[in-house]
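Labels for the chains are A, B, C and D, by order of writing; each one numbers its residues from 1.
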Amino acid sequence: MELILVNLIDGLVTGLLLFMLSAGLTLIFSMMGVLNFAHASFYMLGAYFAYQISIALGFWMGLLLAPIIVGVLGAGVERYGLRRVHQYGHVPELIFTFGLALLIEELVQFIWGKNQMPYNVPEILNFTAFSIAGNSIPAFKIFMIFVSVGIFVGLLFVLTKTRVGMIIQAALSYPRTVEALGHNVPLIFMGVFGVGTALAGLAGVIAGPVLGTFPGMAFVLGSIVFVTIVIGGLGSLWGALVASLLIGWLTTFAKSYNVRMEDILNGIGFSTPENMGESALRDLWTITSPQIADILPYILMVLILIFRPAGLFGKRHQ
Amino acid sequence: MKKFTKLGAVSALSLIVGASAAFAENIKIGFIDPLSGPFASTGTNGLHQYEFAVDYMVNDKGGVLDGKNFEVIGFDNKTSPKESLIQLQVAIDQGVRYIVQGNSSGVAAAITEAIDKHNRRNPDSRVLFLNYAAVDPSLTNEKCNFWHFRFDANADIKMDALTDVIARDEGIKKVYIIGQDYSFGKSVAEAAVEMLGEKRPDIEVVGNELHPIGKVKDFTPYSRKVISSGADAVITGNWGADMLGIGKSVIENGFEGPIYTYYAAGSGMTAAFGESGKGRIRLIAQGSINPIASEEARDLYNAFLEKYPEGNIDQSRIFNSIGMLARAIEEAGTADDVVAVASKLEGMEYETMWGGTMYMRPQDHQVIQDMYVGVHTDEDVEFDFDSSGFGIVTESVVEMASKDIATTCEMKRP
Amino acid sequence: MTDQITTDPSKPSQRMRAGSMTITVLPWVAGAIALAVMPAIFTSNSALTIMNQMWITVVFALAYNMLLGQGGMLSFGHAVYAGVGGFACMHIMNMSDFFAAMPLPVLPIFGGLFGMGMAMIVGSFSTRNAGTVFAMISLGVGELIAACSVIIVAFFGGEEGISGDRTYAMPFFGNEFLQQIDVYYLTSFWVLVSAILMYLWSRTPVGRMANAVRDNPERAEFLGYSARWVRFYSFTASGFFAGVAGGLFAINYEILTEENLNTASSGVILLVTFLGGVGFFFGPIIGAIAFTLLQTVLSLQTELWAFYAGVLFLATVMFFPGGLAGLLMMHVPVFKLGHARSLVMPYLKTLLPAAIGLLGLAALVEMTFHFRHAALGDDEMTVFWTTFDTHTILPWIIAGVVTLVGLGIARATAPSLKEAWSAANTAPPVTTAKGGAA
Amino acid sequence: MSTPALELTGLKKSFGKAEIIRGIDLSIGKAERHAIIGPNGAGKSTLFNLITARFPPTSGTVKLHGESLAGLEPFQINRKGLSRSFQITNIFPKMTVFENVRCALLWPQGYKYSFWNLVNYKRDLTEGADAILEQINLLERRDLPAGTLSYAEQRALEIGITIAGGANVIMLDEPTAGMSNTETDYITDLILKVTEGKTLIMVEHDMSVVFGLADRISVLVYGEIIATGKPADVRADPRVQEAYLGAALEAEH
């Protein structure tokens, strides 16, 4: 039973981290219609910048500065790259971000090389917060939870209680009207893109020490962020949150408990074939949940798209 | 490195056109491994070690066959079997007759098969495959062929040595096996279960699990299971980011026992583990770095450090493979007739500067050598890895590990 | 904003029209001759290997463009169909009795059929929608099957894949396909046949309606066509030709692995197709040739090939959304007007210095990389036939000056090029595609 | 009496709480030219979309030649011989004018999803499309991308596409919207010419067009038909005068 509690906490950390990425992505998507393939690359940049800054100025300055730099970079990409491609339509835009993701990975390797960076948890947070049945919960994870919850609350406040938030919300649904009302929609776009990428950068800053800072870190996370916002419903912040947590817990629990396909199949009335060694379906029978934990979100996404194309919380219909 | 920055040295197409080996003086060794992409760091480090090895061990000493030099040419396979096969063809066209490769058993399987077919179909341009790091046992068992030589111990041999060491530790009652979900991870797990069962039937395997390779973002749930299983030791064949991920995660989440690994050193990993892995990470390797096995090795290592101050010699087998190749060529009296060279490699006994004797078993072309189990620490480290102050210090030696290990290889000689 | 990832007609990229060429036999004859003559020019085995790789990519990219360019469907998992076709062929190669009774050149048909079968299964639910939903389903399915490839060992062979030996097929007029050159002609034959068939497909009712559905699915529905079925047929046909590419891959490499299915391969084919230009039938052919050269030849020269490829790709998307084919085709009006000659000098004046400047820039990049990552003792490097010490200041100055001067001249002469360009294009109303930038 | 070409019974449509179409019964005979008029927001376009299954109705039935259209997709309805145009120009802008028309001919001429026919070599398609182009006076523009045509030409093309398939029930949604007077006259003549002998249902704002074309007129106000009849009768109907026509006619003068 204690393990369940531990897994809940671990899943929460994973889910919230995913949320920090998907929140920005879903905002960007619903405003600009751009599925930003490079979003996870900004997450990677966040980790690398924070590492570089932490060498000189310590972890906390990295936490402060890296997201800002990433955000400015993101805004620059929007202003000088995406806006230009925008006129050609959505497919070229998407392909632009796709190429950007590749280029950022190459750039990171160019600058920092290909090895993993020794970017570590700061000393002050490098202790065990508490233990449950021998499982220690590192203080840094608690810190991660606080940061991401803080971001969510802040985002919710800005979007629902401030004027800027109102405009953004309106621009989400009625970009033309908002433009007609005299708001500078391109500027809003740039701002949202900047903030979205800064959030991704922040996620990178706090995830880098735990999940590793290496050139492949964006690729590992890349498509799962899309999956999250598609499951949650494109453009829905709540959807992004729910889907992130869902995926966080789903994968955590699937990894923690060895559910075997054989048991499931037996449970629903199939009997295990006699000579499994011969059967071509052998591999299917022996699948365990940890083996497929990380592809469960994809299965979920395909199912959702087939049966509810707008996603869990999506309002838009095709 | 030089080869790689030779941008436009020969215009692109003429390079392919003017194929044949124009410079007969050099004996060309084609290094086919990832030099770009996610696994590039391992590949690049390997290339550096090869380049250094041929210069230091062969060329600076007058070469072989009265003055012929070795030349290492890097080919980027991007860890892709397809690219490997293309680059293999390019290498052969450039006059390369010796292919070295090590990263990814999948690529090694593709290459060994392609070379077998190539040698059958093109008897004029036969090549040898010197495998320095791909450890899938099948390469010297059902997939073996005359052209393939393995200078690393295979996964079974390594596990044999590791389990010998584990068996000696009376404190270990429960072990947890975790690995990547593919052929190598599976064979590590199988070997561990089987050999532990033979050597220490009292040890309980409390967990035996595979995770998707290269896809896991967060290993926490796995380490939770390790800890709650009450395991005294962990065995893993993981490499790359997966090794670092699982290692850091189990330690961070409260695991206290030793972690027995195959690939937990060098390529930035030693630095990344740093203090947290001290006395915990144990590693099976061939050759002893700390304490260094011989004066010759010490000189070589220092010379290497002079050239690559941040480099590691984490693959001493690279030096062994060059040493053994050079001797086989000398003994055969030719570098062009690879069958003659291969015949000399078969059964060769070679005193290595990294400690002990290497014996190339003729029946499966698997090298038999002393295996060393070391621990990740910063004490008594003469040669550290990643300039981190940490290195691997030898704890125990298994001499001529698994020298009688069975093989299903039926070697067909030309 | 709509969820539809179809492009807007009023936008420049849209002015490109798929298959606006009239049917003429000439290009095909020229293509066939080129295919036949190539091995006489590039004789080495590695050249043949690289050309085989090119032709396979050509088939695959053309198949992909049946979706992206002609059907307006963006797929992130198209490697699956080529991969499944290839794996099926590999299994057939290993069925010794059956394979021994079959001539090798027939094998790609089986690849096509299996690719098509797979496409029919996935297409049955994914083609209901175009746009984002289709794209995301393709991504999800692609990831799933790629993940399956390491789990379901029986069919996909795990990480090591499945390998076989093509020479066990029934000899084809005495040919056992032992040598690369034999395989080259086999591949060339299939490339020609597939390209012709795909071109003809675009001329059939369902092929024409694929364009109609891409541009305006709703209107197509009110013309009696179900957009879904039109997409399904395009998808199926595309799956077939992707499978043929997979079959050719199997013959060429005699091994298929997880990389034939994974999302990276799917991404590459998207890049290839877009680089070549989705708006023209022959665009992907150019893209496949350019990218294969980049990947196999440039990567021999520099470790940074992927970096240059990325830059090239981004530049294409930003400045020439019509791709390389679009870039070529925007000169057609000029030629038609007979003004081509007036462009030669302005091009020379601008593009030559620009090229020199870019090479200088590339040299700077290489030097920086070398300076940063090379071994400490290894100060020397060779760029463009010259070897020098990167730790001295002179080479940096030279490269910097070359870059600045080259790009500077290009910049200075750019306005006159622009003028020449518009002059060359002015004449009776020019309505044809002009591409993104002039 | 023969079955009407199109028959609506109790047709209703709600979006959320708002009831846009509030029970429409209408019967349109064969070869009748029927216009639907009404103030903005009356639900005219919605009615069109209900008939052609762009939206499913909340309740009620639509019958084409006595056959219910319930549950059919737009393309199936089209195949039964009902063709429509759109309020906002809805053509294939990247294709040539000729190809636009040819696409409209493919299904009716029985080419369906075939991939063994090459459209370029089909004389019936080429001649058929050229004949339509001649009818709509766009033969000169034949090989230009449709997107480059003038607005009026695009509207003409749209009508051409709509009638090309030879459907016997033609629905035109504001064919003259946004046109100058001369253009309007041109389109009106065109419509008269091409719908000869066919059932025509059109939504139109321009009263001169309506009264010049229609055999019968229905007036739609707030989702209900308040009057149906011959142009003269409708013009005389006091309710129509009150609700719509008066104001509109006054505005015209």
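As a convention for this text, contacts are C-beta pairs under 8 Å (C-beta built on N, C-alpha and C of every residue); 3 or more make two chains touch, one makes a residue touch a chain.
Please read these numbers as outputs of a predicted model, since none were measured by experiment.
Visitor: Could you leave chain C out and let me know how the rest splits into touching groups, if at all?
Guide: A, B | D
Visitor: When you average C-alpha coordinates per chain, which one falls nearest the overall C-alpha average? Tell me, please.
Guide: C
Visitor: Where the centre means the average of the CA atoms, what chain is farthest from chain A?
Guide: With centres defined by C-alpha atoms, farthest from chain A sits D.
Visitor: Count the touching C-beta pairs: is C-D or B-C ahead?
Guide: The comparison resolves to B-C.
Visitor: So, what's the distance in Å between the C-alpha centres of chain D and chain B?
Guide: Distance between chain centres: 74 Å.
Visitor: Can you compute the centre-to-centre distance for chain A and chain D, using the mean CA position of each chain? Integer Å is fine.
Guide: 48
Visitor: Go ahead and note the Å separation of the Cα centroids belonging to chain C and chain D.
Guide: Each chain's C-alpha centroid was found; their separation is 44 Å.
Visitor: Report, in whole Å, the distance between the mean C-alpha point of chain B and the mean C-alpha point of chain C.
Guide: Each chain reduced to its C-alpha mean, chain B and chain C end up 36 Å apart.
Visitor: Could you pull out the residues of chain A that touch at least 2 other chains?
Guide: 113, 291-292, 294-295 - these are the residues of chain A that touch more than one other chain.
Visitor: Mind pulling the chain C residues that touch 2 or more other chains?
Guide: 14, 147, 151, 304, 306, 369
Visitor: Please list, in label order, each pair of chains that touches.
Guide: Those chain pairs which touch are A-B, A-C, B-C, C-D.
Visitor: Flag every residue of chain C that touches chain A in the complex, lowest number first.
Guide: Listed in rising order, the residues are 1-8, 11-14, 68, 74, 125, 129, 131-133, 135-137, 139-141, 143-144, 147, 151-155, 263, 267, 270-271, 274, 278, 304, 306-307, 309-311, 313-314, 317-318, 321, 369, 372-373, 436.
Visitor: Give the list of chain A residues in touch with chain B in this complex.
Guide: My answer: residues 3, 6-7, 10, 13-14, 109, 113-118, 120, 128, 131, 133-136, 138, 210-212, 214-216, 219-221, 224, 251-253, 255-256, 258, 288, 290-295.
Visitor: Provide the residue numbers of chain C that touch chain B in the complex, in ascending order.
Guide: Going through chain C, the ones touching chain B are 41-47, 49-50, 53, 147, 150-151, 158-161, 163, 165, 167, 178-180, 249, 253-255, 257-260, 293, 295-306, 362-363, 366, 369-370, 374-378, 380-385.
Visitor: Taking the complex as given, what residues does chain D use to touch chain C?
Guide: 52, 54, 73-75, 78-79, 83-84, 86, 90-95, 99, 102-104, 106-108, 111-120, 144-145, 147-148, 161, 165
Visitor: Give the list of chain B residues in touch with chain C in this complex.
Guide: Residues of chain B touching chain C: 1-2, 4-9, 12-13, 15-20, 35-37, 40, 48, 75-76, 78, 80-83, 85-87, 89-90, 92-94, 104-106, 109-110, 113-114, 117, 121-122, 136, 181-184, 212-213, 215, 306-309, 311.
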